[in-house]
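Pasting the structures here.
Here chain A shows up in two complexes: once beside chain B, once beside chain C.
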Partner chain A sequence: MTLASILIQLLNGLAAAASLFLVSAGLSLIFGVTRIVNFAHGSLYMLGLYGAYSLIEFFGRTPLGFWGAVVLAALAVGLVGVLIEVLVLRRIYRAPELFQLLATFAVVLVIKDIALFTWGAEDLVGPRAPGLSMAVEIMGRRIPAYDLVLIAIGPVVLGLVWLLLTRTRWGALVRAATQDREMVGALGVDQAKLFTSVFFVGSVLAGLGGALQIPREPANLELDLAIIADAFVVTVVGGLGSIGGAFLAAIIIGVAKAFCIGIGTVTWFGFEVSFSKLTLVVEFLIMALVLVVRPYGLLGKPQAAQRAAEPAPRLQVPSWTFALVWLALLALVPLFADRYTTILLTDIVCFALFSVSLHFIMGPAGMVSFGHAAYFGIGAYAAGLLMKRFGLPMEAALLLAPLVAGLFAIVYGWFCVRLSGVYLAMLTLAFAQISWSIVFQWDSVTGGSNGVFGVWPSPWLADKTTYYYLALVLCGAGIVFLWRVLFSPFGYALRAGRDSPLRAEAIGIDLRGFQWAAFVLVGALAGLAGAVYAFSKGSISPSSISIAQSTDGLIMVLLGGVETLTGPVVGAAIFTWLRDVVARNTEFWRAVMGGVILLIVLLFPQGLVGGLKALVARWREQRA
Partner chain B sequence: MLTRNRLLAGTAALVALSLVGPAAAQAPIKIGELNSYKVFPAFLEPYKKGIELAVEEVNAAGGVLGRKIEVVSRDDNGNPGDAVRVAEELLSREGAAFLIGTFPSNVGLAVADFAKQRKVLFIAAEPLTDKIVWDQGNAYTFRLRTSTYMQTAMLIPDAVKLKKKRWAIVYPNYEYGQSATAAFKKLLKEKQPDVEFVAEQATPLGKIDAGAVAQALADAKPDAIFSSLFGPDLAKFVREGQTRGLFKGVEVFNLLAGEPEYLDPLKEESPDGWYVTGYPWSELKTPEHTKFLNAYQAKFKDYPRLGSVVGYATVMSAAEAIKKAGSLDQEKLVAAMKGLTLMTPFGMIEYRPIDHQSTMGAYVGQIGVKDGKGYMKNWRFVDGKDALPSDADVQKMRPKN
Partner chain C sequence: MTAPPMLEVKDLHAFYGRAHILHGISLEARAGEVVALLGRNGAGKSTAMKAIMGLVPPARGEVSFAGQRIERLPPYRIARLGLGYVPEERRIFTELSVMENLEVGRQAARAGVPLWTEDKLFALFPNLARMRERPGGRMSGGEQQMLTIARTLMGNPSCVLLDEPSEGLAPIIVEEMAHSIRALKGEGMSVILCEQNLHFALGVADRAYIIEKGQIRFGGSMAELAANDSLREQYLSV
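And then the complex of A and B:
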């Protein structure tokens, strides 16, 4: 790269960082105060683009029309954010940690279909910014004038937000709540109003980030998920709740991407290295590096301990008789149900083990994982590759696959257990994404974006019913084993670590070691689920490692109830079954799916099983 | 107490799951269709309309084997695992005779492998990957759409004619973009051995950093660019490239960019002079296309996109296959598909016995701008059979049996 191209790519990176910063700043504010992992933040960004597009068409392509539309779209998105907060989230603030994630996931589905209904499926290419459509020549190269404006807008907004946070009473409250929201509440601040206003400001920032992109990016329906992962990465790299950190992180990531593209393909010692392919994963590499070195992000501070209103309820020892009855019932299904029911149940059984293993780590062990699909996918790929590339018999591949997933968990887990809270969760996501990008691009081994095919079970297992029994036995054993472990001394030690790390260490529990072991255990069992799943499908694709797969796991656990033992199984069953039924005929099935989840969220803030338990308890009380 | 609930919930679930719809004897012939409707709506909404039109026409003409046809559609979520599940559902619960559809390469390949295992006919509609008929081809899978290789090969004559030496390449980083790039480099090098590939950018699908990519390509000072971008990536690349003067004095070749799905959103910024493959629907005057166009516009009050043609021709292929087979037996259907010829809006096509690829062609031309809209000019139709490698090469790639 010449000096000129280095400078230009630097400017490109800064321009790309502007919108990313706005969106991430909003996310960071909202998370800092409300502790909500707001999945719908990307949808707000997408609405910003669509809104700006429509408003510009309405006002006309004049400078006033353009900038008026951008500001109005941002404000309108702010109102959408307020609506989400008031109608949905406010009702579930007292739910177990992370439950709000489920609600925002449902909101994503709903908003996507509303956008499809309103604006149609075709991409909408917005106008260039009136008066700024030309390019400016810098060192013999042309760079869009609008990009330079964007580069300036970033610091301006940073300054404004900084003023708002440091020079106003509202800002003082936000900073206080970010540090210790119970204390702010105890001092008599109306939390509902504070949360709503924070949601408004955060959503305006997301909307503004979207609206400002309209000359650079066509409005389309994939934007929500495209930006949300990056926004989380920026927020975490910068340090949660730190606006300056988000600014710094956005610039680092924007510029790093631009340079990966600028460097292109280089030859080192005879090896061709394509930096442009790195753009698939560079933000996650940066995040992994930053988190390993600085566990609270670049400018973040350790979070104040949350004084949970009430400790997580005691886990009830599972009743093994009923587990057996259930297994027997499930074993009888193929006798009277049709072929497809068996196949759907095979899926459900695999996902049940996947979600139970996720529950083990995020519930009792207290380590939330956003990247649990890594082990599911690695298990699936290990099974497929051991059979196809190493020529092992299918049975051996199936049984060895969990060990491979466990090996990866040993490595990933070693880093992850050194962090806590959302930082830990995001590091698991980083490892999952890094695994995904390797699988996605290593064509000669993993089949690249296509995946591996012809991964069918041995002839004696080929029959769908037989295979279902195999899945039931293996996954059922896995689930029972995990439950059993929870009530061993090891399981109690993990819960002790979750509830009070200090006391646990004081009585001599090697917490980190135990957590690491838990990581490896659930990694191996998620790998088993993946391997069983792979042979039931006959093919494996990178989507088994994707963010979507990890998210599905979280949804299943939360839907069933994170504070119960059987919740994840019920959640996996309901979610898989629901998707099968809902996606069948309805044109807007995503909105329907989102609506159903929202309903469950509002009716059962402890998840389905948790909610049912509460209902039964109340009914008993009334009778007594 | 928890356990009682578990029982209750479980029983309810079992009852719901065991509700099976029985199939009546003289019911219509069901054809199972699956696609990633929600992931690629811009292409697949018109595709679905094409399907509806074809079903209507087949049934108006008396159906096949004395029965009407019905296409049962499912959304596969763009996920191969889900696709295999809904494929199974279509076959075992809906009683579909066989399978058609799919869009992304990985889903198409997964369903193809499933069809092989299940010994069921599968007509892949849109997946462009060459592997589905060659490296991973199987006895039960046929593919309608003009493949990546074919479309790339169609652009080669123009590329060779221009005698450009320095080529830069940009492509979406997954199967389609990778194989388009590989095919282009190989074919061009064969015809023009002194060609140089000076830059190569692989961009994440849907997330191109267009400014940086345009700059990186410009830095390599290419004489010509080969791109396989589409959708939002294409729109962003066009805009950044134009603002930054990347395309000044540089010839650009872009697969698919002439398809209305991807060309129309560009409106007045449609890049003049680009060589593309696509579908100049308003200018086609063949009787078979005029008939299709009129029927489509009468039914939907909208013009067809390429997806519409693909959906229409897929169902027509399915109907013709059933007619020719005279039965719904899988082996007979597969035998009928081999060498099946039929009329489509793009003219006669044949499903080649050698590799199960249809000879459906494509339109090659240049983009022009008129009244603030992009269109295809200087276009010509290239028959698919003229863009395929030699039989010997195909046999080498395709696994035996």
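And then the complex of A and C:
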């Protein structure tokens, strides 16, 4: 590479870093004060792009029209953020953190469909910035003038946010609330108003980040989850709550990506290494590296100790009779039901195991995973590829697939158990995204974006009803096994470690080792669910390993409630069934699902099963 | 006829999770009075303060402050009525400077209540004046204790709840603390302080309550308490 091309890649990277920084700074600010991991933050960014597109069309393509549209779009997104805070989140600040997470998933679904309804499914290509559409010549290369403006905007916004945080009363309140919001309340500060204002500022930053991208990137419906993954990575690499860290991390990641594209394909020792394909993975590799070396990010500090949460409720193991009666009932269904119901039930059974395995790791083991689809997807791909590429019999492929998923869990888990809390969750997301990128880009083996076809079961299992029984037996056994494990000494040790890591270690539990083992166990069983699912569909697509699949799993668990063992099964059944019913009747199934979830969140802050149990308990109390 | 008490607590019950901590305590403090709440570790002193302040929602009972019922109000509304709270763990904002910590505590002036400014606070706590820009996290325990009281005073309270103000402080700082509390009383403020240090309480308080297992066992003047050896033996000696 010449000096000139290095400079060009550097400038490219810095221009890309600007938006990334704005979005991440907003996310970090909101998380710091409210402790909510706002998945909907990416949706706000997406709205910024769409809003800027429409407003530019309205104002006309003049410099004033363009910049007016950008600013107005950012402010409008700020108001959307305020709406989300006031209508949804404010009502559940006292609910468990995971439930707040569920609410933000629901908001993602709703906003996606509002965007689909308003702007349609086609990508919308915005205009170039009027007055800045020329290129500037630097060292003989041409750089878009707009990129140079973006490069300047990043530090300017950093400076403004810094002034706001360190030179105003509002800034002092925000920084104080980030450390101890209860104390801030006891000093007479109205937290609700403070939270709303923080949401406004954070959302404006997300909207501005989106609006500024309109000359560089078409507005489309996939941006919400794509940017949220990027923003998570930047926030975590920089250190949660550190605006300066977010700036540094955005630059590192923006520049690293630009260089990967710039280098292209290189031949080393006879091997072709495609750096441009690394683009999708490189930020996650940086994140994994940073978290292992500096678990709190580059400029982050250890998180303030969380005030003691409510003690976890006692888990009740469902009795054998309970499990067997349900298995028997489910086994009888195909005798009455049509083929369609049987297929839907097969889906439900697979997702139930997926959901129960996720619950195991995030509930009793206390490690929230944002990337559980990794193991589901790896299981599915392993099953398909072992059969199609290695010529194994279907039965062998089905049984070996969980082992492959478990192998990946050994590697990923080794890194993950070194962290805790939000950092751990983000790292799981990173590994899932790495897996997705590999699957998506390795055309020759995984079929890339098309996936793998013709993954059908052996003839003796080809009948849908027979296959349903197979799924029921395998997934049912997996679920019951995970439940029993929770009540073995291993399960008790995990729960002890969740409730008090220090005390658990003090009585001689090798907590990290136990957590690692749990990671591998649930990875393998999620892999089993994926493998069973793959053969039931006959094909595998990269969506089985996507962020959306991971969030689906989280929704299932949280919908049913983390506090009971049966909750995740009920959640999986309701989610899968509801999605099927709604998707058959309306194009806007996401909005309907999101609406239903929001309703449940606001009405049953302990999840469906937990809420029903509380209702029953109250009813019994009244009768007694 | 006497004026109604500044703060009046009647039959207050409170829980931590499922644990029943306060079993119906009643107490009162009049304007300009310093009241000590004494008792051993775990007797329920801190919980009583948190329940009055709304930080632990009271399960049952009444709390009236300046003629208004406050047991259902959120902490920030209680603080804005003029009831200040100084927590036992101090809970200084470690990233914020002394001046910024004070800024977070600032509330509007209140009629009939002393108005606190930074300068007036620095006169009361001269040590703080020398470290205006120092982050809270890089102060000694005694300095933090001064700052946490100063921060609460920035809200111009008419009554403050002081949770263990002498805990973990060097004897000379404890003496300064006693001086500061007497100064607050001199301003006409009411002070309720939790203490395990009887000697300290004797030096500053007008009246005392003894709390044990979440119930009030004694209420009376400091002189009565000082004269009653068996009472001190039974509830306060370690």
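Keep in mind that, in the parts below, the second predicted complex is superposed on the first by the 605 of 624 C-alpha atoms of A that agree within 3 Å, B and C clash if a C-alpha of one lies under 4 Å from a C-alpha of the other, contacts with A are read in each partner's own complex, and residues count from 1 in each chain.
By definition in this document, a residue touches a chain if its C-beta (ideal position, glycine included) is under 8 Å from a C-beta of that chain, and two chains touch if they have at least 3 such contacts.
Everything numeric here is computed off the predicted structure, so don't read it as measured data.
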Classify the contacts of A:Ser488 with the two partner chains as first (chain B alone), second (chain C alone), both, or neither.
-> neither
Looking at the overlay, what does A:Ala176 touch: chain B (first), chain C (second), both, or neither?
-> second
Contacts of A:Gln191 with chain B and chain C, given as first, second, both or neither | second
In the superposed model, does chain B or chain C contact more residues of chain A?
-> B
Contacts of A:Arg339 with chain B and chain C, given as first, second, both or neither = first
Who does A:Thr118 touch here: chain B (first), chain C (second), both, or neither?
-> neither
Common interface residues of chain A - those touching chain B in one complex and chain C in the other | none
Please name which positions on chain A make contact with chain B in the complex.
-> 1-2, 5, 8-9, 12-13, 15-16, 116, 121-125, 128, 133-135, 141-144, 147, 215-218, 220-222, 226, 257-258, 261-262, 264-265, 274, 276-277, 279-280, 316, 319, 322, 325-326, 329, 333, 336-341, 343-345, 347, 440-441, 443, 448-451, 453-454, 456, 533, 537-544, 548, 564, 566, 570, 573-574, 577, 580, 583-584, 589-590, 608-609, 612-613, 616-617, 620
Using the touch rule from the top, collect the residues of chain A that touch chain C in their complex.
-> 169, 172-173, 175-176, 178-180, 182-191, 310-311
Spell out the residues on chain B that touch chain A in their complex, using ranges where they run on.
-> 1-7, 9-10, 13-14, 16-18, 20, 38, 41-42, 44-45, 74-75, 77-81, 84-86, 88-89, 92-93, 105-106, 109-110, 113-114, 117, 129, 131, 136, 173-175, 178, 199-204, 206-207, 209-213, 215-216, 218-220, 231-232, 235-236, 239-240, 243-245, 261, 264-267, 269
Residue ranges of chain C in contact with chain A within the complex = 17, 53, 55, 74-76, 79-80, 85, 87, 91, 93-96, 100-101, 103-107, 151-152, 155
